[in-house]
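This report concerns only the one structure given below.
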C-alpha cells in the first residue's frame, strides 16, 4: 500500500462520513434517499479499491458489480414509492 | 502504469470527498443531487479505473462497471429529483426561476 | 425515539466492527473458530470441484437444505399470492399513480437486458466466484420489477413463468433421485464429472443446480411482484 | 427494418458486455454467453424497440468515440465546476428550473441526452415530456428559453444526432 492509496482511503472514508451525516440529518426523505444513492456508489468504488489492496484478486469486483446493480434498483424503487405519499 | 493508477485513485477519491462536501453544503435537495451525482460518478470512475490499472486482470470487468455507473447514476438521480418535485419539495429560497411550476399551474 | 434508534444502530455497527477487528488480529481465536472451515477448505476441491467453497457448502455439503430453502420460498410465494388474490386490485397498485417519468421508463428498459445478463453471469459462475443461484435469481427478478414500476400495462407471461417454476422444482428433485439411484446411492449425489478445476464446466452438477435455483427464485419473485402490483391485470382484462 | 436494427444492436452490445464480464474467450463461456444473449433478446421486446433508435452506419460508428470524448470532457469540467462552487465560502449558486427543447426523435436519443445533461456542468434533468426537457440549473443565466436551449442542449445534440435518430 503506497501512501497515496492510504490518503485516498481516508478521503473515501471522509466522503462516506459526510454522506452519512446527510443521511441522518435529512431533512426530507429525498435527501436521505439521495444520500444512500451516493453511499452506494462510494461503496462500489471502495469495494473495487479493496479488491486491489487485499491482494489483487478480482473476486470483489463481482461483488461490486452486483452491489451497484442492486443499489440502483433499490434507490429507484424507493424513489417511486416515496412519490405516492407526500 | 502503477503510478497512473495511483494518480487516478487519488483524483477519484478527491472528487468523492468533494461530492460528500457538496452534499453537506448545498441548500436544497436538487442542488445536492447535482453535487452528489457528478462528483460521485467521476470519482467512482477514477477509483475503479485506477484500481484496474493496479490489477490488470480485472480491467474488463472494471470497464463494464464504469459504463454501468455512467448509465445508471444519472437515471437514479433524475428519478429522485423528479419524485422530489412531484412530492412537493420546494426549491431553495434563493432559486430564481421555475418553468415547470408555471406549466403545471397552466394545466 | 428516532435519535435513540440512530444511536443504537451506530453503536451496534461499532460493536460489530470492533469484534470483527479483534477476531482478525488474534490468531488463536481464529484457529479455534475456523476448525470446521479449514476442514471444509481442505476437502472441498476434491469432493466438489468448485473453486468457490461457499457454493460447495451450499450445494454439495448441504444440498438437501438448499432444496428445503427453495421449498420455503415456494410456500411463501404461494401465501403472498393468495393474500394478493384476496385483495382484488393488487396491494400496491394505487401507489404508482403515474408512469415514473420518461428518464426512468427509458432508462430501465435500456438497462434491463444488461442487468439480466449480469444475473445470468452471477448464476452460471456461482461455483467460481461469489454469487450463485439465489443472488442471480434475485437480480433478474428485480430488473423485471423496475420495468413493472414504470408501466402497469406490461404483460407478464404468468403461465410461462408458472411452467418454468414447476419444471425447475421437478428438475431439482430429479437430479436428487438420479443421485439416489446412481452407484453413489445417496440423494443429491454429485455424479457428473468434475471437469477442470476453475473452468465454467466444472464442479459436476453444481452449476446445473444453481441454474435451476436461479430460475425458481426469479420466477417466484416475479410472480409475487406481479400479483402485488397487479401488473398484468390490464392485459388480462383485455383478453377476457 | 427498425425492429431488426434494434435486435442487432442489442445482440452486439450484449455480446460485448458478456465478453467484458467473463473476460475469457474459452469455448464453453462463448456458448453459454450466446445462449444467454439469445434468450434475453427474445424476451425483451421493449428494449429491442428502444435500441432501434441507434443509427447503424459508418458515420455513426465514427461519431460514437467523438461523442464519448465530448461527454468525458464535459464530465471533468462539471466536476471542476462543482468543486469550485462547493469550496468557495460564499457558495456562488443561482439555481432554478428551466425548460429546454430538443430535436432528437427517438427515446434512446432523448435518454442519452438527458443522462448527458445530468452529468454536465451545473445541470440536472428532472423530467422529459415530448420534445421538452425540464432541467434544474445551478447557475441560471437570463430568462430567454432559446438561449438556455443553446447553452445546455446544443453542444451534445449536434454530435448525438449522428449516432441516434
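Note that the chains take the letters A, B, C and D in the order they are written out, and that residue 1 is the start of every chain.
To be clear about the criterion, a contact is a pair of C-beta atoms (placed from the backbone, for glycine too) under 8 Å apart; a residue touches a chain by one contact, two chains touch by 3 or more.
From a predicted model like this one, the values you see are computed outputs, not experimental measurements.
Trainee: Chains shared as neighbours by chain B and chain C?
Mentor: Under the touch definition, chain B and chain C have A, D as mutual neighbours.
Trainee: Contact counts by the stated rule: is the higher one at B-D or A-C?
Mentor: Ranking B-D and A-C by C-beta contacts puts B-D first.
Trainee: Cα centroid separation between chain A and chain C, in whole Å?
Mentor: So the centre of chain A lies 23 Å away from the centre of chain C.
Trainee: Taking each chain's centre as the mean of its CA atoms, how far is chain B from chain D in angstrom?
Mentor: Centres of chain B and chain D (C-alpha means) sit 15 Å apart.
Trainee: Averaged over CA atoms, how far is the centre of chain C from the centre of chain D? Could you give it in whole Å?
Mentor: That pair's centroid distance is 32 Å.
Trainee: Give the residues of chain D touching no fewer than two other chains, as numbers and ranges.
Mentor: Touching at least two other chains: 17, 21, 114-115, 125, 127.
Trainee: Listing for chain C: what residues touch at least two other chains?
Mentor: Residues 98, 100-101, 103-104, 107-108, 110-111, 114, 118, 125 of chain C each touch two or more of the other chains.
Trainee: Do you know which chain B residues sit against two or more other chains?
Mentor: Those would be 18-19, 21, 33, 41, 43, 57-58, 61, 64, 68, 71-75, 77-79, 82, 86.
Trainee: When you check every pair of chains, which ones turn out to touch?
Mentor: Going through each pair of chains, those in contact are A-B, A-C, B-C, B-D, C-D.
Trainee: Spell out the part of chain C that touches chain A in their complex, as residue ranges.
Mentor: Answer in residue numbers: 6, 94-98, 100, 104, 108, 111, 115, 118, 122, 125, 129-131, 135, 138-139, 142-143, 145-146, 149.
Trainee: For a test of understanding, state which residues of chain A touch chain C in their complex under the given definition.
Mentor: For chain A paired with chain C, touching residues are 24, 59, 62-63, 65-66, 69-70, 72-73, 76-77, 80-81, 83-84.
Trainee: Could you please specify the touching residues of chain B with respect to chain C in the complex?
Mentor: 68, 71-72, 74-75, 78-79, 82, 86
Trainee: Hey, which residues of chain C end up touching chain D in the complex?
Mentor: On the chain C side, the touching residues are 101-103, 106-107, 109-110, 112-114, 116-118, 120-121, 124-125, 147, 199-201.
Trainee: Can you tell me which positions in chain B touch chain D when the two form their complex?
Mentor: My answer: residues 15, 18-19, 21-22, 25-28, 30-31, 33-35, 37-39, 41-43, 57-61, 63-64, 70-71, 73-75, 77-78, 81-82, 85, 91-92, 94-101, 103.
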